[in-house]
Structure formats: structure tokens, C-alpha cells
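Read through the structure below, which is laid out as C-alpha cells, and then see the notes.
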Amino acid sequence: MHKVAVIGASGYMGGELLRLLSQHPEVQVRVVTSEQSSGKPVTDLFPNLTVLSHLRFEPALPEAIAERADLIFVSLPHKLAQGTVAQFVRRGKRVVDLSADYRLKNTKTYQDWYQTPHRYPSLLKQAVYGLTEFYRTKIKKARLIANPGCYSTAALLGLVPLVQRKLVRLDSIIVDAKSGISGAGRSGLSIHQFTEANEGLEAYQIGHHRHLPEIEQELKALAGRSVQVTFTPHLVPLNRGILCTIYAKLNQPRRWTATDLNDLYHTFYKNEPFIQILRSDTAPNPKYVRGSNLCQIGLAVDTHTQTAIVITALDNLGKGGAGQAVQNMNLMLGLKETAGLTSSGVWP
Amino acid sequence: MHKVAVIGASGYMGGELLRLLSQHPEVQVRVVTSEQSSGKPVTDLFPNLTVLSHLRFEPALPEAIAERADLIFVSLPHKLAQGTVAQFVRRGKRVVDLSADYRLKNTKTYQDWYQTPHRYPSLLKQAVYGLTEFYRTKIKKARLIANPGCYSTAALLGLVPLVQRKLVRLDSIIVDAKSGISGAGRSGLSIHQFTEANEGLEAYQIGHHRHLPEIEQELKALAGRSVQVTFTPHLVPLNRGILCTIYAKLNQPRRWTATDLNDLYHTFYKNEPFIQILRSDTAPNPKYVRGSNLCQIGLAVDTHTQTAIVITALDNLGKGGAGQAVQNMNLMLGLKETAGLTSSGVWP
Amino acid sequence: MHKVAVIGASGYMGGELLRLLSQHPEVQVRVVTSEQSSGKPVTDLFPNLTVLSHLRFEPALPEAIAERADLIFVSLPHKLAQGTVAQFVRRGKRVVDLSADYRLKNTKTYQDWYQTPHRYPSLLKQAVYGLTEFYRTKIKKARLIANPGCYSTAALLGLVPLVQRKLVRLDSIIVDAKSGISGAGRSGLSIHQFTEANEGLEAYQIGHHRHLPEIEQELKALAGRSVQVTFTPHLVPLNRGILCTIYAKLNQPRRWTATDLNDLYHTFYKNEPFIQILRSDTAPNPKYVRGSNLCQIGLAVDTHTQTAIVITALDNLGKGGAGQAVQNMNLMLGLKETAGLTSSGVWP
Amino acid sequence: MHKVAVIGASGYMGGELLRLLSQHPEVQVRVVTSEQSSGKPVTDLFPNLTVLSHLRFEPALPEAIAERADLIFVSLPHKLAQGTVAQFVRRGKRVVDLSADYRLKNTKTYQDWYQTPHRYPSLLKQAVYGLTEFYRTKIKKARLIANPGCYSTAALLGLVPLVQRKLVRLDSIIVDAKSGISGAGRSGLSIHQFTEANEGLEAYQIGHHRHLPEIEQELKALAGRSVQVTFTPHLVPLNRGILCTIYAKLNQPRRWTATDLNDLYHTFYKNEPFIQILRSDTAPNPKYVRGSNLCQIGLAVDTHTQTAIVITALDNLGKGGAGQAVQNMNLMLGLKETAGLTSSGVWP
């Protein structure tokens, strides 16, 4: 059994990570940290995790923890994660960082978006962006994985085939994203209270959500050309789930159909265990993949405007976060990529 | 007191219409029809409407009803409404039709989208599209109002200023619409059951929703040019409410800002009692207008892609349906336009 | 127009009070206070109340406010309300207090349940418990109304007929109450966040909820005998609404039926504009009275255990709070009791 | 691998059973039947079950199916199940029946509650009531398991210790039960549509729900005395989950405390892998066991009325149905009782 630690496990993402790890056949959670909840049993914060009732939160002391675990998940807030990640890597530990701190390769971009300098530029260079389907080889050998943002995963899995195959006009890409409230974390904000979120629906951070530079960085890395994306996230009253509706103008003169796109995506994602290309009569819906590591992709063409419409659905805590982190861990540890991730979605 | 009848009042739209009319200071509901529920008290289908407990559903017999009411609301399903509307108009009654049957001016387009011929083309010519803010003068004198679709209202109120003022590229318009489940009616479909809709989120009828030709017809009527719109409706787990996120590329070389758009919309909708242009720090949210006849509009510009983002929020049963129908009735009867429609949204 | 002030209006109860008052035909809100939000427009906290966009929150300065308003609503937290209420009464103002501070007649009981002494025992004696249906005459002349708790209203409206008419064993009364999340206020607690409340359901404060002594006090006042009630509140994932399922063993040897109880309640609440006794084929449901001042009552007898089951449904912010406060205000000001309270529930 | 068939798998219970079986390490689903959906792939009805995309629904032909499977789950509607179950047992198959048809031992009681005669009284005698914790030994050897109702499981797990240990007055038992909407099945009824169930809350079938005779039968079997229970089910807007709040008067003169009850239940359910007795500071909540086979039990005493309050929480499709069916199957097949049932609840 591989021994792992989860640093900063008191949020929803940490809780989902613990749930997945507790059911993983070849991994054991040895250390769980939280400054605020230090001393409390894990079940105080996650009453569903009675299977981990022997574990208590402890403070994040890298020295001691490094001796008790082989691989470290860091699930701290942005900015806080930087240093902690560095301390574990310095001690020879392999790290999966679920924060945004090692995602943006350009330190200037990082500073612009996170209002703080990046203090570990050389480590940043070594970090591998953990979009598993695209960086599998690098992930296997990486010391540090920057686990992608939830929106970024949903947008990129839908966009990369279109952009890489040069099917669409690069100045026409729009990502209209809808997320469940768990994406906002345990915020304590009144807009995230049940009373205010329930029966509500709104856009937020239009044009300046922090997952935007991630999306553009990776589209550039994969398409070889600078792409500017219009990205509008929305909050929708459901616990978990992201749906991205992606629009892009198809290049002329060829007239594409949904079937063409379907064939292309099928080929592109052939053999991918967690990517499901849906038939045109089925709509992607995060409800179908809740609690799983799956991402559904649906394809349509609005022929009267020659617009490709790609729809992706995933669980923001699953493939959009903790699930993908475990997928990356599996590769790093030489395990089967799907180990511990074979559960179907819980429906209805 | 003006006497009105509601034909086909057993659905959610009919129920909301009855609620609004029952609170209207100058109108009295005299007749309520439903074939299936004929003989039952109104409160059997709408337990909230105890104020109308003296009314029972009856069969829709135009001859008799025309003698008991001055103005007729028709809230029948598409195709069924055609003939009933015609019968009342023929008897000299003024009619507000909440179905789609008199919205599309072109009978060929109607037949393409509704798979049935239009049997009253001359009456169709007389019908006025009831988007009140734009057809006020005609509505006052009209014998027949084709009350707009819920999505159409939300899309047009957001789009018309952009298109009319020629700010945007006409081949770039995308309407990503999200609707609560009441928009689907009392369908009996399992996908609309609580268990399957709750915690779910999906797109439907991509590129072929019947409100699309309405939107395109009216944009053409108002902008004088043929416009093709990409329209994607989504079902979101809330009872009431539509949010439209509208994207359009701003014409170059001028670089527009959110403030520019805000000023333009403020001027455009000056003195409109039901249109609220929100400050940039407030997000339109149908939760804020639930049960009211209001439409909120928010404006943003994604400057790095020069894309205008217009967001509209309304209650699909309010300004998107029954509310607008009452607003039109007020004009037809020479009443104050806001009569019976001054309620604020019920929140939270 | 009567001039009123709302002291401490930043919570859900304050917001609902403002909504109702803004639609009241004979009352005008002149002053709205909130220490934390002082200086902000009302619409910052209640985006649905654009009709009050001319009002800003101000600090609660009794001296100045007393000159600008005739009747004062106090919607402050328990303990804080005591003194503020006293200051307004001392200045000759009539007050409706929505806090719990003047509900418990016995200062010892108050101190036991609220962990603080009552500093205005003589004012407490003058306060009238504002359960309108039972204290109408006193309310008309009162200087200070202690507006009942939401659970208390729902429990008492259901229980008083049973207890007063001596139909049930007084040691057998159980109130199993279910409330929407708005009853918990704008708490900021993570258990009230959407993610944690949605799809959840739990009992809380079993046997020690603060509305229990209120219920027992008033049952004693009305039945003339000391009654001990088992009271279990539950949180249910809906925004608004309380459902109380009340159980009591029927006295032998007479065997009661649902029809008997129905007749009794019909007679008991004859002429009450806000109490609806439902037929046995209709179930009380807070959804049917949402946004209104109505209380539905349903009656059943489990004949095989000779247990009366009384079910009451109301909107915790309506008849359970702000609605009843306005009803009391109407009586105090000599207005029609139903003024401003005639709206039907908003459904669905 | 043991081969199993699921007869009548098109409902929510069938879907959950398929989900659990598809993840079971020692069982393989070989046959899935549905008359209405015959020929369709399983994923048409359960889009989350892509892991079973090789399976198609077929008609229920006992002859052929008996050759392809060793153990048969019957998930047909009441009345329909009777004969199908008999056909499989006659062919020597072991059967777990999820319908109510073999639960009531008294054929007269069955006929009273289900309005149809029981045509297999001798088979009925052999059937073992599948409340696993109490009938473990019999289940191991049984040919036919009558899998308990969801409410019955929740009520009995809470009540049996109280009744068996003679702690409470047998004429005082009240079960106030709350269920998510999946308990109503894929009904197509408008009251179960999202729009009508969401934000709603009501009691139904007061005193005459069909799980009542089950509860009373088993309390008698276990306590040796006839017990009459007041049982009120409620529909609550959540997908899955049952919460039972159980009230019973404690026998005098001993004064019981919550700690006493806690100790008693701890001892009673010692070593039970799926029963969790919660500390007094934690509230049972079906949200914590969603998707799992767990049942949480919380204990309180209202000392001022000497009432025991036992609260049980489970997933109506889990321990309340498909989970318990798999648990019973495990025993019948000589597998580890927890095989395939070790998942934690999915939260939030």
C-alpha cells in the first residue's frame, strides 16, 4: 500500500479526495492536515467518511509528514500552497497540487491574476499541468503536478480537438460555463447560503475568472497559436457538476455536421477510459457523472450559422478536481490509471 | 370592472395568469376553461388560488363565453389555439393569445416549425407581436395580440438595442439561454420529474427550438436586416426564471466598454417601467424578479475579445408570459400599463 | 398614509417586512435601519426591492426616528431588541417587536432560555402576544406587540382548538415541525450553505428550541392548564415554509373522526380571513401559501390508535413573521385587518 | 462470479440495484428485463451506467432466464411480482423480491392492504423478511427473501431495540417519516414533477400507507406483543433519503437519558457493519449516507415529557432497498456480508 498525505483537507475538494482515496485499493491515507480543525476527527468535517474515523486532522508540519507519506496532495488555498508544495518537493516527495499555484507557466501572468509574486519559478518550470489525457507521459515522471481547475478541465477537454485540428476560427471561441455551488467552496458568503443560491442563477466574474488564463495557456500549448477565449462562468443551484457550452465558428467552405464532429472526437479520445462521446440523441448532464471521474462530451452543429457547439459535463469535484488528482497519482505511482476510479455516477 | 375569460387555464401559464388577474384592480375573471378539468373548482388545480374558489373550469364554448367576457386570453397548446382564437375574434372579442400560433408572420415558416398549416392567414396579418416595449402603439389598437415566447422576450429585450444601433457583427450573435423547469409545462415526462431534473443541467433542442424563428423574425423587423442567431436553451433546476447570456462581437475599430453599453441601454429603455438596467456590480438573476413582471439587464464587455455580453433575467411565467399578457391587456383596455403588475419579486 | 420605521432590517424577516409594507396601500416606510449596512441603499441587500430604491439604511437613533415614524417595527436579534423596543415605547411610539424579547411573560423563563436577564419587566407586562386570531381586542389597543415565533404560530394555530375544547390528553402532545432554511436567517454557517443544506434533512435542538416555552405558555393561557409539549424542529431544503405535524391522543370513549375535527375547526376559525381549513383530500403544503399571510390546516384521525393528526402549513416569513406583524399593525392603526395582505401564494 | 438477473429493472430501485451489482466484486449481471423498454440498451434508461452498456433490456421469460442466472432479483410492481417470483422459485432459483408481495405473512392482511388475493400462500410461508440485522440466519438458507420497504427498514431499525427491551409504552409509538421523491418512483404524476415537488413539503397517506402493516407485523414478531403505530409519511424535496423521527413514551418510574439510550443501542447493534449509532452532538442526516448501505441512528430523550426520540436516516434506494437486497444476496451466496457495499456516502 502506498502511503499518502492530504495537506489542507477541510474543504469540499479535500473531502472528495479523502472519499476517493479511502476506497482506493492500493493507497492508504496516513496524514490529513488542517490548521483550523487540528485535533478534530475527520468525521467532524465529513460525516460521510466514517471509514476514516481513525484519522484526525493535524497541523501541516512538512518535516514530520514527509517521513510518513510517499506522495503528498496539497489542497490549500491559492498563494498558501506555493511554499508548502516547495517544502515537500525539496524533501524528495512527489506532489499533486490542487491549488492554482503551479498552473500558470508565466510568472508575470500568475502575478497579474493572483496579485502576488511567484516565489518558486524554478519549481514552476518543472511542474506538469495535470490534464491527464494530454500530458500522460510527463505526468508519469513528474515530481510535481499542477492539477487543473475544474472549469479549465471541462473547457479544454471540449476545445482541444477543435483547436488542434484547426476546424474553427480562433477569434470566435466562447465558453459559457455553468457550475454547481460546491465550486465556490465553504465560503460562508450569504450568496452561497441555501436561501440565496436556491432558485437563483447568475453569471459572475465575467471575463476575469482565474481559470481563463489557464485555458488560454493550454490552448496555445496544444494548438501552437495564441487563442483568446470569451469565458463566462455561472452559478447554478446544484451541489456538484459543471456543464460547459462551447461555441466556435467552423472554418469555411467545408460544411461540417454533428456526425463529422462526433467521428472526430471519437477518434481523438479513442481508448480514453474517462471520456465519453455521446450520441447526438443524448445530452451531456453532470447528473450522470456525479461522484465519478467521467467527462461526457456532446457535439452539435448549428448549420444555419455554421457554429460548432461542444458540450462537456463533469463533476467539478471528480474529473474537475479530486478524481483527476487520483488519476494523476495513479500514473505517478505506476498503478493502473483507473484504479479507485471505476465507480459509476450516483443517479438519480 | 372589465370582464375577462381565460381559455385553457390548466397549465402553469394559465395558473399564473389567473393569479395576476385575481389581484388586478380593474379586471374580473368571469370564465375559466379546461376540457380535461371541466367541472372542477379552480383550486383543485391551483391550490394557491383560494381567492378564486368560486370559479369552476368549464368547456370552451366560444358562443356562450363571448357574451360573458370582453377580452379573452387563450392559453391553449400550439396548433389548438389557432381556431379558438379565430372564433373569438370573429365574434368581435379582443384576444391575447399566449400560444405560438400567431407569432410567426410567414405561414411557410410557421408550417416548417410547427408541422401544420396556418389556417387563418388573414387574421395572422392583423396579429400584433406583443413585445410591449416595442409595439405599444399597435397593441393599444390591436384585436389580436400574439404574446411572445418566454425565451424570445428575454433574448429580444437584450438584443434589440445592440442590433438596432448596429454595434455588433450580425453573424456573431449567440444566445445561451437557461430556463427553470416550469418552462416545460406540466409535461408528465420523467426528465421533468423532481428526481431527474433536480441536480441536473442540460442543453436541449440545440439549434431547433421553436423560439428561434421568433427571435430572428423580430430582429429583422427591428434592425431591417436578416440576422441569424445561434440559440441554445438549457434546463436548470429551478421552478421559475430565465437567464439569457447573449454574446456578440462588437464592431471595430471603436473599443466599447461596459459603461458605454450601460449608458446606451439606459437611454434606450428610459421610462420603461419593467426594464431594469443594472449597475455593473450587480448580476441579473431571475430570483430577484420571481413573481413580478420585471426584466433585469446586465451589461459587460470582454475587452480582450471585444465581445459584448448582455445578460437578461426574467420570470418565464411573468414578463416571459402571463405578466406580459396582462401588460398587453392593460394597453388594449386603456388602463394604466402597470395596473396589477406592481408587485416586487418574492425573495428569498 | 401612516409612517413606519423598520429597525434592524437587514435579515430575511426585515426584507419580507419591507416587501409587504412597500405594497401596502395605507402605509409608507420612512426609515430603515441597519448598523452594519448603514449608508447602503436597501436594494444592495434586497435586490428585489427596487420599489424602495430611494431608501438607504441608517443607524438606529431612536430620538430622530421617533419623529419620522408613527409605528415602529423592531426586527433585531434577541437580547438586542429589549432596549431598543423600550426606547421607542418610552417616546410614545407603538411598536411591533419581531424578536423573542417580549414574548415570554415570566422573566425567570426568559432568563433560563435566553441566558440574559430581562431588564424591562414592567414593559413586558404590557406587551401583547401577537397571535392575531386570539388576541385581536388587546392588539388593537396595545402599545407593544410581541410578534410570535414562526414555529409557535404554526403549532398554536393547530393546537389551540384541540386543547381548548379538551379533546386530547394533555400529556400526549407532539409537534414534529419542519422548516425551510430561511428560518435560520443569514447565518453564514456552513450547514446552511447550499451545498450542505441541499439534499439534506435533519432534526435540531431537540427538546430545547426556544419556541417551545412560547408554545407552552400560550397553551396554558388558552386552555387554563399546564401543558408539556414534545417539540422537534427539522431543517428541510426549501427556502420558505413551515409544516407542523401535530399528534395528540384523543380522549376516550368517544371515537372521533376526521370529519368531526374538520367541523370543529371550521367553526372555531369561522370568519378568519387567513386560516384555511382544508378538505380531507387536500394536504396542507407551505408551497401553496408562499409569500402570503395564509395558514392552511389539515385534519386527520388515525382511528386505529385514536390519535388526532393536525397539520399546519404557513410561510415562516409570512404568517410566521412579517405577514403577521403587518396584520397586527393593521389592527393597531385601525385599518382593515387584511390591508396589504391579500396576495395569493406564488406557485409553482 | 455468481450470475444474477434483475427482473423489472426500469425504475429507480432497479437502476440502483444495477449500479451496486455492476460494482460488486463477485457478481455479474447477466439478464435485465423490462417489458416496456425491451430491446433498449440499459444506458437509455440509466445514462450513468455506461459500465453496463453491453446489456439490453429483454422481456421477462422465466424459463430462459433461469438458465442464465443463479439468483434472481425481482423489482416489479406489487401484485405483478407474486407470480414471477413463484415461477423462479419453482425452477429452483433463489429470489430476492423487492416488491411488497411476500412481506405480509397474513394473507388476509395482504388482501386488505393490496386489494388483491395472495395466490401463493405456501410460498409466502417460506419467504423470509429481509431485514438483515434481525433475520441473518434464516436469510442465509432462504429460497425467497421479501426485501423490506424503505420506510419499514428505517422505522424498524429505530424501534426494535426500544420495543424489544420494553422501555416504552406500546400505545404511544409515533413514526413521523420524511422521504425524498425517488421513493415515489417514476410516477409521471404532476405532484412529483420538479416544479410541484420543489419548494413543497406535505404529508400523504396518513394512517394508511402500506408500509404500516409491515412495521406492525415485525414489531409484533420481535416484541411478542401486538403494537399499534401511528405512521405519517411526508414527501420532502430531495432525491434520495429517508429520515424517521420516532416518538415513544418511556416507561416510568425510571428516568432515562439520551446516554442510557445511546449505550443500549450501541450494545444492541454492536458489530453491525451498516448501523451507525451517532453521538448526541451529531444529527442523523440521509445526506451523509447517500449512495451507501448505511443507516444512522441518533437518540434523544425529551426529559420534560419523558419521551424517547429515535431518529434514523438512510438512503431509501440503499439500505432502504437495493443496498439491503445486495446485503441479503451476499448472505444467500455465502459471500462476505459487506461485499460490494463498502462505499461511503457521496457528500456534499
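Miscellaneous remarks
Order as written gives the chain letters A, B, C and D; numbering starts at 1 within each chain.
The rule we apply is simple: contacts are C-beta pairs under 8 Å (C-beta built on N, C-alpha and C of every residue); 3 or more make two chains touch, one makes a residue touch a chain.
These figures come from a predicted structure and were not determined experimentally.
Both subunit A and subunit D are touched by B, C. Interface comparison, C-D versus B-D: the higher number of contacting C-beta pairs is recorded for C-D. A separation of 37 Å divides the Cα centre of subunit B from that of subunit C. The distance from the centre of subunit B to the centre of subunit D, each centre being the mean of the chain's C-alpha atoms, comes to 46 Å. Once the centre of each chain is set as its mean CA position, subunit C and subunit D turn out to be 38 Å apart.
Each of the following residues of subunit C touches two or more other chains: 12, 182, 195, 198-199, 237-240, 285, 287, 290, 348. On the subunit D side of its complex with subunit C, the touching residues are 171-172, 174, 176, 178, 195-196, 198-204, 206-207, 228-230, 232, 234, 236-241, 243, 245, 247, 283-287, 290, 298, 300-305, 307, 309, 311, 313, 348. Within the complex formed with subunit C, the subunit B residues making contact are 12, 15, 19, 22-23, 46-51, 182, 199, 239-240, 276, 282, 285, 287-292, 294, 342-348. Those residues of subunit A lying in contact with subunit C across their complex are 12, 180-182, 186-190, 192-195, 197-199, 237-239.
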